[in-house]
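What follows is chain A paired twice: with chain B in the first complex and chain C in the second.
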Partner chain A sequence: MLKIVLVVLLAFLVQYVFKTLLMFDINKRTYNHRPGPCRKVDGPVHGSEDIAIVEELNLAFITSGLVYLIEDPTQVTWKGQIFAYDLSKKTYKAESIPIVNLEDGDGFHPHGISHWIKKDGSVRLFVVVHSKQFRHSIAILDFDKTKWQLNHVKTVRDDKFVRPNDVVATGENSFLVSNDGGAQTIVGNAIEMFTGFFKGGLVYFDGMNSHYLLENTVANGIILSRDRKTLFVSHINQETIGVFAWDQKKITIKKISEIETLTGCDNFFIDNEDNLWSGCHPVLKDAVGHLGDATNPNLYSQSQVLRFKFSSDLKSTEMLEVFSDDGRFTAASAIAATFDNGKQLLIGTVFRDLTHCDIDVPLDF
Partner chain B sequence: MLQLSPFASNCLFFTSFAIVTTLFGKLLLHIDINKRTYNHVPGECGVIPNLPGILGLTTSTTGRLYMTTNSKDINTDQTHLFTFYSDNRTAREIEIRGGPPKWRLTPGALSINSETSNPNVFVHNKRTNNIDVFETNEQNDAWQYRKTFKDEQFEGLTDISAAGLNSFFFVKSSIFGTNFALNIIERVVPIPTGYIYFVSGNNIQQISRVSFPTGIVYDSVKKSIFVTSSTRNSIYRMKVQVKNGIEIVSSKEYDLGCSPSSIWKDFDGSFLITCHPVKFRYLLSLFNVITSSPSLILRVAVPTDKDKPLTITQLYSNDGATISNANVTVRAGRSLLISDGTKILNCHL
Partner chain C sequence: MGLQSAAAHFINRFIIWITIFMVACFLLRLLVVLDLNKRVYNHTPGPCRVLTDNYKGTAGMTYVESQKRVYITLGYGRAHDLKTKTGIAFYKTNRTDGRSQQEMYDLIEMTINWNGYEYKKEFIPTGIDSYSSSNGRVLLYVINAHPNHQCIHFFQIVESSKLNHRKAICDPSFSSLQDIAVVGPDRLFVTNMAAFGRGWAQILEFSLQTGQGAVYYYDGSKLSTAASSLIAPTGIGYDAKRRILYVGSMIRESIFAYKVAKDTTLELLYEMMLLTSPIGVFVESKTGDIWIAAHPVIHESAWHYTHPENQNIHSPSQILRIRIQEEGNSWVTTEPYANDGATISASSSVVFTDEQMLIGSSFGRLLHCDLTHSYIT
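Up next is the complex of A and B:
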């Protein structure tokens, strides 16, 4: 009897080890290719984790200076910033925009970003913010075009913002937030990863109250389709993308499909043809190593840019790899956004610089 | 019956369990169960119409492209030789002059030696299992038969690479070439059942054993042969020199990360390699469980410095819908030609 228990335990242990090895992508690698000439953009050096492209202004807002699972605030020697990049000409230079009326200027380390065009035509930004002590909030900033500054409107804090990663604006005061886990420490996060009991999820804030939409999962990048009816959620540790029907009036989501990508897709972008773009981490073990010690230049991880063209029923997708790098040029891509009618591409990284590429290859074949 | 003590039987069980589990786990990782392909094209691509798939490809230094193709009529099992013009994507059949009486050619693998003004082409004749050598004449697309190498070892030849006017290297990928089940085992289990041979005049010499070699290229400038191993996901660089016959003075293995199926040397010394990026889908397609399998084309530069890693660039990738199990690739001008044996894809670089 005892032997049977031991054998069962041993079998469980074996399959667990094997699944963990697969999760860490120990037998994967990337092969380099680029869609055209690529150049670094001056400006962001410590992260370009998320990009919001405002087509009305031909402007991209880039969050930089991310703080993630930090345990010693004195290690944070970099500054959190939001950069603006003019998309109408190839300057390859992004400027940091001043942020006015912040409660805590030193505690501003932006993560995910989303924008909303207000009724008066001005741009409102929703930004996931962490402090040096890894406290979380959502900052609402209005872009003042004439003064070229971001005016802090308000900061939203909520118990349900457990560990926010990305945000999607759904109105002037409402948004969706993804939690990419529940742990606040590196050890806690490791326990979540190794046990598979994730505490992340999806939260909707309607301007007054917050509502859980998904619980006990990993939600990293989130975005809505152009018609704002379909929600895409990146389950990065499970290497899948969840596709949901989103009903804003009823505050409900209904699952349509789950796409297996076999790569860790991070943040999302929807182009003007309603294709989904993502910056991905194809080899998780290298990504964990790089992101765990982000200031070490000898540690880097692979980058991958995928474009997903969904079928009309949203149950299957055709995946196109637009960019791939072993990390020496672009390390740990997190976001990919196209502009200029799909002829140009911005690739943002978690803790490194921003890459600007021309797209000279056909994307449909 | 021998009665083991409980302690000994427990040790035996757990040791066997560990060994079997490790081997099985390694096998699952080896057949790429957690991998997939993502589509990627280098430029506009299209299938060349009215031209059957390529079986072998080679170029001369002038850029002239020669190909052996399957006929569309499967029953006749006819294979033809063509010259391909990449500028207008047309092919013209080559006229063969000379040759012994009643001689017929069913060409397979081929390689070219450009030491003379009219390069010599070495062709594996699958009808006779000999190596026929032709002198080319690029003015009128004619080949003049020159000689034949005969040896029983040419049966099962996988790839050939010319080394001189009267010498060449070739590889055989397996012992069990005709036994399907055993051949599958050879493709999966990395044991060195393949052969590398060198032929010079009437002498044939086995110089090494490699696990399932699929392609060979002799680089006279570097005095090295480059051999791709499908099972080990690798490419070997073997420096060779003539010393009482030919011998390997050094060998280095580089990991490609995918299962190579052919190799072709470009003019700058880099290699174009076709790969099976997801091995289990390739195996399933061999068993006809699925109809297609992914294709991958890599450009690989092997550094002269032994300590430096390979430089690998991906040129093409497809999930199998456009081209399945690509097994030959070549560059002609700004055209990348890819074949799976049934059709030829032409991509603009």
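Up next is the complex of A and C:
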């Protein structure tokens, strides 16, 4: 009897070790390739984690200076900023925009970002913000084009914003927020990863109240399709993308499919042909090492840009790898966004700089 | 007596647990080798087109600089019981020789004068290499992968599109010939991938990773073993300028670099871990860059090789380019091409020249790509 128990235990141990080895991608690496000439954008050096492209203004807003699972606030020597990048000419230079009327200027470390065009045509930004003490909120900022500044409108805090990662604007005062886990410490996060019992999820804030849409999962990047009816959720630790039908009036989501990517896709972008773009982390062991010690220049992890072209029923997708790097040029890509009718590409990283590429190869073949 | 039986009992249990532990470790290694967590994400370096879909296999390629031609072996699938024509064809890489747009992508099949060779119907060509002598003679050396008749065939190119068969070298130690690299006139290295030629015996050999592959050397009159105890050696390529022989290992997912001494003995320089299974190797003579045609996901390749007649069972294709730096102390790997198998399945050979690339596959198509930015892809 005891022998049977021991053999079963050993079998469980072997399969657990195997799953963990595969989860950490010990047998994977990237092979570099680019879609055309690539250059660094001057400006963001400590992160370009998310990008919001406002086509109406030919402008990209880039969040920089992320704080993530930090345990010692004195380690945070960098500044949280939002950069603006002019997409109409190849300046390869992004400039930091001043943010006016922030409650706590030193506690502003932006993460995910989304934009909404208000009725008067001006741009409103929704930004996931962490403080140096890793407290979380959603900041609502209005872009003043004339004065070239961001005016702080409101900060939303909620118990359901457990560990927010990304945000999608659904109205002038409403948005969806993803929680990428429940733990607030590195050890807690490791426990979630190793056990598979995730405490993240998806929350909808309607302007007054918050509503749970998904619980006990990992939700990283989130985005809505151009018609605002389909929601894409990155389950980054499970290496899948969840596709949901989103009903804003009823505040409900209905699962359509789950795409297995075999890579950790981070933030999302929808191009003007309704293709989904993502910056991914193909090798988890290196990503964990790099993101755990972000200021160490000797630690870097791989970057990957994927484009997903969905079937009309949204149940399957063609995956195209547009960019791949072992980390020495672009480390830990988190977002990829195209503009100029798909001829140019911006690649943002979690804790490093911003890359701007031309796309000179065919993407459909 | 009680003490003795207790000791025997302990040893017995100890042996059982050691055995279980070893089996568990073997299973783990096997599962990791299968690449269950890998896939390929499609991309191309520029516009691509299919040159031919008429043969079940375009598995071997070699480039002849003096003629600006790529010679391609056809019909490797017959070695895996597929019905197909076999032979050798060439593709002209010169885009400015006055041919029309349509003619530019033509493949020209060659006629073979067998000069009375009695086993010509058992010719299934796969690996191929060439030697251009100073008097303008071009010699082709071709691996015959027929299960019952593994040989190295020597040809000479005559009258532009004809091949004269000169001789064949067959040996009982040839069980799974894969590729060939020529280092001089009638002097060549060949890879023998496994002790068992095909089927489940070979799969078992690969699973156990017993390392029974070898590299043989032929000096013009005698055959000898140049390197042995290799795990599934596949593609082989020679850098004549630097006298380096590159040998791919399918199971180790790596490339071995050997220095070829004056007496053609091999000295191991380094091993490059690719983490993908190399099948074909092409060395750019000018730059020394190594191009690899690879099978990136082994379990899908194994399934594809077991059912080559099934068009729905694909294997991913991958082309790598490795730039060696600092005399082999470091290298940079780029991936010009990758496909999940829908366009080209199981890439097994590659040639790059003049901003264009040819990709051959084990049981199917020949693909031609232009490289929009060959310096960065």
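One rule holds in what follows: the second predicted complex is superposed on the first by the 365 of 365 C-alpha atoms of A that agree within 3 Å, B and C clash if a C-alpha of one lies under 4 Å from a C-alpha of the other, contacts with A are read in each partner's own complex, and residues count from 1 in each chain.
What we mean here is this: a contact is a pair of C-beta atoms (placed from the backbone, for glycine too) under 8 Å apart; a residue touches a chain by one contact, two chains touch by 3 or more.
A quick note: this is a predicted structure, and the numbers were derived from the prediction, not measured.
Participant: Quick check on the chain A-based superposition: chain B and chain C, clash or fit?
Facilitator: When both complexes are placed onto chain A, chain B and chain C end up clashing with one another.
Participant: Taking the superposition as given, does A:29 touch the first partner, chain B, the second, chain C, both, or neither?
Facilitator: Touch status of A:29: both partners.
Participant: Would you check which partner chain A:251 touches, where first means chain B only, second means chain C only, and both and neither mean what they say?
Facilitator: So A:251 meets neither chain B nor chain C here.
Participant: For A:187, is the partner it touches chain B (first), chain C (second), both, or none of the two (neither)?
Facilitator: neither
Participant: Taking the superposition as given, does A:37 touch the first partner, chain B, the second, chain C, both, or neither?
Facilitator: After superposing on A, A:37 lies in contact with chain C but is clear of chain B.
Participant: Examine A:362 and indicate which partner it touches, taking first as chain B and second as chain C; both and neither are also allowed.
Facilitator: both
Participant: Based on the superposed arrangement, let me know which partner A:21 touches: chain B (first), chain C (second), both, or neither?
Facilitator: Once the two structures are laid over each other on A, A:21 reaches both partners.
Participant: On chain A, which partner's contacts cover more residues, chain B's or chain C's?
Facilitator: Looking at chain B versus chain C, the one contacting more residues of chain A is C.
Participant: For A:319, select first, second, both or neither according to whether it touches chain B, chain C, the two together, or no partner.
Facilitator: both
Participant: Pick out the shared contact residues on chain A: the ones touching chain B in one complex and chain C in the other.
Facilitator: On chain A, the overlap between the chain B and chain C contacts is residues 10, 14, 18, 21-22, 25-29, 31-33, 262-263, 304, 306, 318-322, 324, 361-362, 365.
Participant: Of all residues in chain A, which touch chain C in the complex?
Facilitator: 7, 10, 14, 17-18, 21-23, 25-29, 31-38, 262-263, 304, 306, 318-322, 324, 326, 360-362, 365
Participant: Under the touch definition given earlier, write down the residues of chain B that touch chain A in their complex.
Facilitator: 10, 14, 17, 21, 25, 28-30, 32-36, 38-45, 257, 296, 298, 312-315, 317, 319, 322
Participant: Note which residues of chain A are touching chain B in the complex, please.
Facilitator: Going by the criterion above, the answer is residues 3, 10, 14, 18, 21-22, 25-29, 31-33, 262-263, 304, 306, 318-322, 324, 361-362, 365.
Participant: With touch defined as at the start, can you tell me which chain C residues reach chain A in the complex?
Facilitator: 20, 24, 27-28, 31-33, 35-39, 41-48, 275-276, 318, 320, 332-336, 338, 340, 343, 372-373, 376-377
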